[in-house]
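In structure tokens below, several structures.
In the two complexes below, chain A is the common chain; its partner is chain B in one and chain C in the other.
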Partner chain A sequence: MSATPHAVVSGAIRLLRLELRRNPMLWMLPLIAALFWIVVYRRSMALAPSWSLRATTMQTGIVSVFVPTVAGAAAWMGSREGRHGLVDLLTCTAQPRWARQLAGWAATTGWAIAAYIVCVGVLYAATGRQATWGGPLWWPAAVGVASVPAFAALGYAAGALRPSRFTAPLVAMAAFFGLEISAQFIHGNDSYWQVSPLVAGPWNLGRSEDLATFYPYLPDLPRIQIIFLAGLTAALLGIMGVPAGSGGRWLRRFAVGITTIGLLSAGTATALAGTGRLDAHGMIAVPAVHDASDDLPATYTPVCGTAAIPICVHPAYAAYLPAITDALKPVLEQIAGLPGAPDRLSQAAAIYRQQSGNGIAVGRAGPAVTGTPPVFHLLLPIQFPGPALTATQLATALRTDTARAIVSAVISSDRALGPAQQAVADGILGLYAAEPDDPVGAAARRFAALTAEGRRTWLMENLAALRAGQVTLHQLP
Partner chain B sequence: MTAGRPGLRLARLYLASRRIPAALAVIAACAVALRIALYWPWNTYGALQLPLIIEAGCAAAIAITTACPFGESERATGRWLPFLRLGTVAALTAAATGALVAAATGMHLAGGALETVRNLVGLTGIGLLCGAVLGGALAWTGPMTYLIVGVYALYTQWHGPALTTPWIWPARPGPDIGAAICAGLVFAAGLAIITVRGARDPVGG
Partner chain C sequence: MNVEATDLTRRLGRTQAVAGVTIAIGDGVFGLLGPNGAGKTSLLRMMATVIPPTSGHLRLLGCDPSEYGQRRQIRCRLGYLPQNLGYYPRFTVVEFVEYFALLKEMPAARVHRAVAYAVERVGLGDKAKARLSTLSGGMLRRVGIAQAIVNDPQLLLLDEPTAGLDPEQRIAFRSLLRDLGQQATVIVSTHLVEDVGAACARVALMDRGKIVFSGTPDELTGRAVGTDAVGDAPLERGYSAVLAQARS
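Right after this comes the complex of A and B.
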């Protein structure tokens, strides 16, 4: 007499409930919470409140926390029957061995995913309160979710196939080792190793607030990673059902089918990861899964500050606007109203180019000045990848690099400045060489010594000649 | 029959009950893995991560051997048990240290032998403390958790704010006295508790 479908379902639910109550993952939750706080939350909250920055940083960190803990707990669960010498005793139970194993795996995965959702929820809620633009990025979170069942399946399969008290720690360490070391092998934007769930974008790009602000987050790589992780999960769960004693003939054939499909999916995803390329907006595009609509610029209303020349930035950077205005105000007051001076400063998107190895060049998309009246396209220091800047570092970078770029665009029609143009720029910025025998420095000091009105009057009269490179150092006042 | 025979038999049975041969096999495998991995060109971060992960594997294997399969009945057997616990853990730690240092001989090991010894000793101490609290079978969770924190602390050396407390010794250089003291204290505490009380679990896993 065979069991009714209702009895099978209620039996499976009861088994799952038992496994949920007696799961070691439950005891891992405080550990995960502590690790999440140390490794992910503190680090993410120390970053600027940008959704892209925090979400991509979170993906790398949270996967590092969950993978070894979940793999270890699952291996402990998977090796349970073997460690206690119950394999033979349990062969006479109503459920096939594979079904029992799947229930244990599902319980471990369920607890881990619940913990994951809580962790991500806490971080995203905190980010939501601080961010000035945009909304949660779900793709990085989805990659993390997909990692949980995959590494639980890895641990469970290892524990079931090699039951020993050493299996759990070895699987946990090996999973962590494999995950961390996989990043070592990434060279360039077409590396197969990008399929690792640790990778949230171009490897070694560093922190970049610019990603997914002017253009939407490109989900090509996450899609590939999720396919890979789903395939890995299926293959590893299938492997557990293949050995004799896991179930009946048809069940084992089904397990072989699942394993094959899983391996094919994981292999395809890995191959696709190798076709990735760095797109102009700093994200990895994979042609086979790329949606052209993701290349359209994001729509936003700029936030503008009041200065002699208005400064408009992307709303994601709104928190920086007072600092930007304060830093650029002295320079903008000197050049406002000059012939050729910009009518407005508008923040530009950065453009990314892959270089040899993992090198990535970042620059401004398009020319510095366009349109009539002219608009200067501003690339902020914080748009460049690298360590987070303190308020002082940002102000210094704005007063030197950004202000120099603005002044240079006004006093020169060329990218390279002549000696007189250099001296005028240095004089306006108040940055000149201290050496007394440096002629450019001496001219810059003379120019800086003029009153603001005096500099402005001279520029009004001589700017056209200065821009054309027809003024010599000696002709400077 | 000589007087030493029962003592040897006791030691042999103790070692077998604690899976010492398997632990030695794991330590040897870790040493071989380290040797093979050191032939690979690593970047600075990877070169520091690699030995730490291997050391955590060894420490977890040592900590697991504290699991006692007999529980209370074994505790009532005699006065030699604490000495057996002490001797086993000390010998395994020495064996793991020797194996890892030997595996790195003639190769470039980031941090050097001093750092390897410090990290291994400290991680083993965490495993022993974890064994005393959670039980020998789950003692591996301590080194694993500390490994994640340690790797993150190494990461923060490049991407601040850096974690510089000596209690997270993997992020400190080998000759750092504070880090060595912290690792040594943790090991001493773990060894003392395991020697006197043994791991928590009455029936091993």
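Right after this comes the complex of A and C.
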């Protein structure tokens, strides 16, 4: 009576086709499309067209969209035998219950993965048209794809265990809140909760365009998350095959094996996620799976703009170059050619350091100016994590913070400016306090009142003394 | 014998649903009569391998259902219509019957034709593409019969199969039963004695978990002779007489 392998396979395919045709996940697709549009697509497209920024933002958002819907649909599917009173009729069929459940789970997962691929495809296609450098990041997409079968298995198992019409909405809500709340437990380095598929990088860093730009995307955490999700899937599917009545002795032993392997994988991945640390490039490095070749800088050809001092940026930031040039032009014209002034402004990678608690410090790796001829290592305001800047906000930040950093590097050899250096910097930038009794402000106003040629002439003659801190406020013109 | 039960019992909680049934059933249509709560459905569920007996021995189609491999063999050759038929409302008639054909591990190449034949046999050919949610109770019952017979079973267990069928459908169904009984063992659990009289070659009457009568319908009718048993038809009077005797 035993069927041939061919017959078993063709029977399984027919069963899967039937399950695909009548799967509740089909009814969830419009909802998924709407949620994807609102929660993921619009938010991602509002960000700069950086592959890393959009891919990591997408991972967090798309997991939030897919997890509750897939878990809910799978729970509805898993509970249907009990809800429709088909248990007796199905029990006396020859197919093991586990095989039947796997077919239902596979159909639900299949539709969800198809929808997921379409969603990622749409977002990546739009990003591909806008991005000036790089290519699609597949690891964040892979983590999302791996979370679909895992949460479908979770929903299906819950539905099969508690077949009720309330199971599906409860599972959907529990999956959503469970996932969202899990992220709240992440505190700095070494957090086991980093294994959550919502986490696409250092959780407390927020959005940053700088990640995976100067250095390759670090796949350590996604690898761990995928192992965890695959383990979770195996364990949950295996558990459904363990109870008596799920199948024969060998099938149930196989299910126990799958469950054990799944639990071990998920446990190992969670333990490894706990060893994940913020690396200098703003990503999570997990020593056990870390590949040293991922630490080598990415190769690229800078894009340069013409100003009194050439400004070169990473091609991923090429779209910002006109705005950067416009904002820095007045300052660069004043300092170009001064002794010690940079020959070129070259964008640098930011360096990330975990601080005590949840804080992350972002800054420059070394001195602002190095080399001969001197090169100023430029950190743009958009390289710092935080909310996306508007064009006006970016221009303001460039004219104040970035320009001040450039001027400071020219007029002072220390990080901290003396009063005269402060007044000169303020005068060059045109940013000084309005209070009449502020001596630094008064000196800055005097210096600013000079013509550009006058300021430049004075700087040519006195820059060495100013840099050495030998000029007082009264000595300023 | 396709069904051999010896001292079969089944306890459901504190209730002794089946209390020592010994019966042997061969090919043909066999009627299982009895009042509500007599244990007919529990006995049928054991024969359908849905629940195991609490004690006693059961052999179905020459196999031991307590052993997984043999139970699977039985299930491939079994058709079962439960008293309360559950169904997936969004499935069409054909899809529902096909679903069960596949779960009964019918060869995939045979499924399409077998499904069409089963649907035709229960008179639902014109409703083959209709969703189950759109069908009447009688039609759903016929869908249940179609799924039970789709694998051409050697043991067919029907629990209240004519419930919800109109008289015309019931007559057609009895004809189908007689037809099926020529190649298989068909056990029909019912409390409608006219169904038994019209279609069954042998009949057993259950009361309080026990078989209180086993024989032909004529023998059951004969039990009423000389008693004041009530009933509109001779078979009903025999039924009443046996029950009264068992309870006295």
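One rule holds in what follows: the second predicted complex is superposed on the first by the 476 of 477 C-alpha atoms of A that agree within 3 Å, B and C clash if a C-alpha of one lies under 4 Å from a C-alpha of the other, contacts with A are read in each partner's own complex, and residues count from 1 in each chain.
Keep this in mind: a contact is a pair of C-beta atoms (placed from the backbone, for glycine too) under 8 Å apart; a residue touches a chain by one contact, two chains touch by 3 or more.
Worth saying up front: this structure is predicted, and the values here are computed from it rather than measured.
After superposition onto chain A, partners chain B and chain C are found to sit side by side with no clash. Legend: residue contacts after superposition of the two complexes on their common chain; A:Thr69 is shown touching chain B, with no touch to chain C. Of the two partner chains placed around the shared chain by superposition, chain B is the only one that A:Glu180 touches, whereas chain C remains out of contact.
Touch criterion not met for A:Leu264: it reaches neither chain B nor chain C. When the two complexes are overlaid on their common chain A, residue A:Ala449 makes contact with neither chain B nor chain C. Once chain A of one complex is fitted onto chain A of the other, the partner contacts of A:Ala94 are limited to chain C, with no touch recorded for chain B. Look at A:Arg22: by the touch rule set out above, it reaches chain C but stays clear of chain B. In the superposed model, A:Met460 makes contact with neither chain B nor chain C. Legend: residue contacts after superposition of the two complexes on their common chain; A:Ala46 is shown touching chain B, with no touch to chain C.
Superposition on chain A places chain B within reach of chain C only down to 7 Å, the least C-alpha distance between them. Touched by chain B in one complex and by chain C in the other are residues 84 of chain A. Those residues of chain B that touch chain A in the shared complex are 19, 22-23, 26, 42-43, 46, 49-50, 53, 56-57, 60-61, 64, 67, 137-138, 140-141, 143-145, 147-149, 151-152, 156, 159-161, 204-205.
Looking at the complex, you find that chain A touches chain B at residues 24, 27-28, 31, 34-35, 38-39, 43, 46, 61, 64-65, 68-69, 72, 76, 83-84, 164-166, 168-170, 172-173, 176-177, 180-181, 183-184, 206-207, 387. Listed in rising order, the residues of chain C touching chain A in the complex are 45, 48-50, 68-69, 72-73, 75-76, 78, 80, 82, 84-91, 95, 98-100, 102-109, 111, 147.
Here chain A touches chain C in the complex through residues 1, 3, 7, 10-11, 13-15, 18, 21-22, 80-81, 84-95, 100, 247-249, going by the rule given at the top.
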